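Consider the two complexes below, in which subunit A is the common component and subunit B and subunit C are the respective partners.
Now for the complex of A and B:
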C-alpha cells in the first residue's frame, strides 16, 4: 500500500477525535484567552477590550496572590505527606506477613471512593458538635473540649490536607510497591551478605528503583493538587475567612458567583500557565527516563 | 527471605494492622453512621456502636415517592448513569479508531501527544466558554450537554489507554490477515477488535469511573433534578441544612458502591494503570 494513503487513512480515523477536541477543548481555550482581555460578564454583554487590565489587577491585588499561596501550601503539604506515607506503606507491604494480599487489596478502596464522598465523609468526621474526631480525641483525653476543625482558619487547611492524604497516599503506595517489586532478589540478598545495614540497603539498593516512579507520581499529584476544587468546595467552600480558598475556588467565585467572566478567564489562564509548567517538566522527565531505559 | 527476629516480625504485623485500620476505619464509620439512629449520632459522648440497626434511610433514599428525598436522590443517580454512560460511549467511539490509527501509523504521533496534553489542563480554563457555549445551544442543565463536556476529559484519557493497548497487539497478525485477502474493515472486525475487547472494556470502566466522580463541571452546568448528578446531590446534602447525618452517610455509601466494587474487581488493571501513569488519582 502506498504510504501516502496510509497517512491519509490515519488522519481520517483520527478526524472524529480531533473534531471533538476542537469543539470541547481548543475552542474554549482560545475563547478563554480572548475573554481574559475583556471585561465581559458571564451572561449578557460581550464586554469591551481592556488590554492587560485584568492581569495587572490580579498580580497587584491580594486575593489572587493569597489563593496562589494557599494552593501552593496545600499542594506541598499534601504531596509531601502522601509520598512519605505512601513509601512507608509500600516498604511495609513489601515485607512478608500474614494477610498481606488482603491489606494490599484494601489500598484500592480510598482510591475508588469518589472525591466528593471522601470530602463529605471527612466533613462529618470533623463536625464540631457530633463529629467522630472530636469524640475520639476527647474520650482518649487528647483534647479537653470540642473544636471546630473546619471552622477555624488555622486548622481548616490542615484538616483538608489530612483528608486528601488519606485518599491519595494508597495510590503512591501502590506505585512505590510496584517499583520495590522490581528490585532483584539476589541484589537484596547480596547486600545482606555484604553486611549492609537496613538503611544502607534502602539508600543503595532500593532507592534507585524507587526514584523514577516516585518522581512521576510526585509530578502528577502536584498537577492534581494545583487544580484542587472538589474536596475544598464540599468541605469548606474556601472558608473560613478565605483560609482554604485555592486558585480554582477563586476562579469559580470570580467567573460564576460574581459573573465576571473576563477577569475570571485571566485568573484561569494564569492557573493554566502554572499547571503547564509542571506538565512540561513531567514530559521532560518521561522523555529522559524513556531515553535512559 | 532472611529469617527475621521475633520482635521484628511482631512489629511488622502491628504496623500492618495499623495500616489496615487507618484505611478501613473511615469506611466502617461511614457505614455505621448510615445504620445508626439519629439519637445515637447526636449523643455526647458519641455512641460508636448503634443500639439498634436502623435501615430506614436506605429505604428513604431508594423510594420513588414524589418530592421526597428519595425522588431527588434517584433522579441524580439516573442522571449520573446517563451522563457517564453517554460520555463513555461517545469517548470510545472517537477514541478507538484514533488510537488504532496512531498505533499503526508512524508519523502521526504528535496530534496524539497534543490531545493527551489537554488532559492536564485545569477545568477552570475551559469552564467559562463552555458555559457560554452550552447556554447558546440550550444545553445548560441537560444530561446531553454535560456528557458532551465530559468528552473533553474522557476522550483523551481513553485514546491514551487504548493506544498502548493496540501497541500490545502485534501488527503481524493484521498483516497476515491482509495477505490472506481480508479487507481492512474485515481484519479489524474479525482480528483486531476481538483481541482488543478486554482492554476496550477496561478503558470503558475507567472512563465511566472518571465521569461518575466528576464534580466541577456538573456543579457549574446543572441546576435541578433534570440533570444534577450524584456528586452534586451529595455536595448539596453535605453543605445543606440536612440535620440527619445518617442520611448523608447513606447517600455516600450508595454513591461509593459502584466505583468501589469496580475497583476491587479490577485490582490488577487498576494497579497496572496506576503504575504506568495512565490512571489518575
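Now for the complex of A and C:
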C-alpha cells in the first residue's frame, strides 16, 4: 500500500477526534485568549480591547498573588503529606502478613470515592457542633472546647489538606507498592548479607527503584493539586476570609460570581501556563526514564 | 574442625517439606556443588546456610560455632547471586566495598581491599562505573568481587553463571576454578548444570526432593552413581539403563529382550540367584564397536546417527530398550544398522531393579 494513502487514511481516522478536540478545547482556548485582552462582562455586549491591562492588574493586585500563595501552599503540603503517607503505607503493605490482600483492597476506598462525597464526609467530621474530630480531641483532652475547623482562617487550609491527603494518598501508595514489588529479592538479600540495616537498605536498595515512579506520582499530583477546585468549593467555598481561596476558586469567582469574563480569562490562562510547566516537566521525566531504561 | 557442618536440616512450608534431613560437612578449601533439578531444595539449603531462611529443624555450624539465631551479616559468609544483585545507584567500587562500609572498616583500608579484589578480577578500569554501564560478565565479576573483598569463611554461590551466555559461562567457570585454587576458598555452589558441577567441584552433592541422593567426588558421582536417579542425571547423554535378569548359569546377565550377554561380577554371582531382575548402567562413551564377533556382548539397532564433530552419537535400541552409544567420529555407522558392541566389564554399574540402588 502506498505510504501516502496510509498517511491520508490515518488522518481520516483521526478526523472525528480532531473535530471534537477543536470544538471543546482549541476553540474555547482561543476564545479565552481573546477574552483575556478585553474588559468583557459575562453578560451584556462583548467588551473592548484593553491590551495587557488584565494581566498587569492581576500580577500587581493582592487577590491573585494571595491565591497563588494559597494554591502553592496547598499543593506543597498535600503532595508532601500524600507522598509520605503513601510511601509508609506501601512499605507496610509490602510486608507479608495475614489479610494483606484485604487491607490493600480497603486502602483503595478513599481514592475511589468521588471528591464531593469525600468533601461532604470531612465536613461532617469537622462539624463545629457534632463533628467527630471535635469529639475525639475533646475526649482525649487535646482541646478544651469545640472548634470550627473550617471556620477559622488558621485551620481551614490545613483541614482541607488533611481531607485531600486522605483521599489521594492511596494512589501514591499503590504506585509506591508496585515499585517496591519490583525490587529484586536477590538485591535485598545481598544487602542483608552485606550487613546493611533497615535504613541503609531503604536508601541503597529500595530508594533507587522507588524514586522514578514516585517522581511521576509527585508531578501528576502537583498538577492536580494546582488545579484544585471541587474539594475546596464543597468544604469552604474559598473562605473563611479567603483563607482557602486557590487560583481555580478565584478564577471561578472572578468570571462567574463577579461576572468579569475578561479578567477571569486572563487568570485562567496564567493557571494554565503554570500547570503546563508541570506537565512539560512530567513529559521530560518520562522521556528521560524511557531513554534510561 | 570442619569449616561448615550441617546436621539434620529440614525445612517445611506448611504441609510441604522442602528439605528432608540434610547432613553434610565441608573442610576448609573444599568446593562443594549442590546439584539438582529445579525444585530439589538446593537453593533453600544455600539460603539456610546464609541465614536468609531459618531451618525448621537442624543446625548449621560454621567454624564450629552454631549459627542458630545468628544474623547473616555475622556468619562470616559471602554470597554471589544468580542475578548479580548489584546496588544499582552505587559505583562498582562502592558495590564491592559495601559490606566493609557497613562493617565500619576505615575508608583507606576499604579502598585497598577493593583495589586488591578489582585487580584479581581485572575490573580496575570499571571501578567508577555504575552497574547499568556494565555487561553481564562484568557485573558478575563485580558480584564476585563483593564476595572476595569480605574474605569470608565460606563463599556461597547461587547459580552464578546461569545468566551468562555460553562463551562467557565457559570463561567465568575457568576463572572461578582458578580463583578457588589461588585463594584456597571454601565454597558451596548451587547449580543445575552438571558440567559446571563436574568441572568445578571437589565434591558434588546430588539432590532430589529435599534429600541428598549421593555425595562424592565428581569421578565417583560419574563413574559410580549410587542409584538410578544419579545415573540418569549425570552425563550428556546420560548413562544407558537396561533392564534384564541373571541367566540360568548365574554367570552372566541378559537383557529383557534382544540378544547378548554381559558377564556378571563375581560378587553378584555368589549373592544373587538365577532369574533375579537386575538393571545395568552403561555410559555411552564406554561403548566400543566390536570388530571380532566373539568380543561382542550386546547388539543395538541404530535409528539415528548424530555427528557432533568430536564424536558420533548412535541412537537406537537394545531389544526394545532405548540405547545411545557415543562413538569415534570416524566410526562407520549407518542408520538402520545392527551394531554389535562391547565394553570393559569394570565400567558397568549394577542396580537393584526394584529400589534402583547400586549393588556394586
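Everything that follows uses one rule, which is that the second predicted complex is superposed on the first by the 293 of 293 C-alpha atoms of A that agree within 3 Å, B and C clash if a C-alpha of one lies under 4 Å from a C-alpha of the other, contacts with A are read in each partner's own complex, and residues count from 1 in each chain.
Rule of thumb we're sticking to: a contact is a pair of C-beta atoms (placed from the backbone, for glycine too) under 8 Å apart; a residue touches a chain by one contact, two chains touch by 3 or more.
Fair warning: this is a prediction, and the values are worked out from it, not measured in the lab.
Superposition of the two structures on subunit A leaves subunit B and subunit C fitting side by side, clash-free.
Judged by the touch definition given at the top, the superposed model places A:272 against subunit B, while subunit C stays out of reach.
By the touch criterion stated above, A:114 is placed in contact with subunit B alone, subunit C being left untouched. More subunit A residues lie in contact with B than with the other chain of the pair subunit B and subunit C. By the document's definition of touching, both partners, subunit B and subunit C, reach A:192.
Residue contacts after overlaying the shared chain place A:4 against neither subunit B nor subunit C.
With both structures placed on the common chain, the touch criterion links A:124 to subunit B but leaves subunit C unconnected. Looking at the shared chain after the overlay, A:208 reaches subunit C, while subunit B stays out of its contact range. For the overlaid pair of complexes, the smallest distance between C-alpha atoms of subunit B and those of subunit C rounds to 5 Å. Subunit A residues in contact with subunit B (one complex) as well as with subunit C (other complex) are 189, 192.
Only residues 6-7, 9-11, 13-14, 16-18, 20-21, 24-25, 27-29, 31-32, 35, 42-43, 89, 92-93, 95-100, 102-103, 105-117, 119-125, 127, 129-130, 132, 135, 138-139, 166-168, 170-171, 174-175, 178-179, 189, 192, 213, 216, 220-221, 223-224, 226-227, 229-230, 233-234, 237, 247-248, 251-252, 255-256, 261, 264-265, 267-269, 271-272, 275-276, 278-279, 282-283, 286 of subunit A touch subunit B when the two sit together in their complex. On the subunit A side of its complex with subunit C, the touching residues are 184, 186-187, 189-197, 200, 204-205, 207-209, 292.
Residues 47, 50, 52, 72-73, 77-79, 81-90, 98-99, 102-103, 132, 146 of subunit C are the ones touching subunit A in the complex. Within the complex, the subunit B residues that touch subunit A are 1-2, 9, 12-13, 15-16, 19-20, 22-24, 26-27, 29-30, 33, 41-42, 44-46, 48, 90, 93-95, 97-98, 100-102, 104-105, 107-108, 111, 115, 117-118, 120-133, 135, 148-149, 151-152, 155-156, 159, 209, 212-213, 215-216, 219-220, 231, 234-235, 237-239, 245, 248-249, 252, 255-256, 259-260, 262-264, 267, 270-271, 274-275, 277, 280-281.
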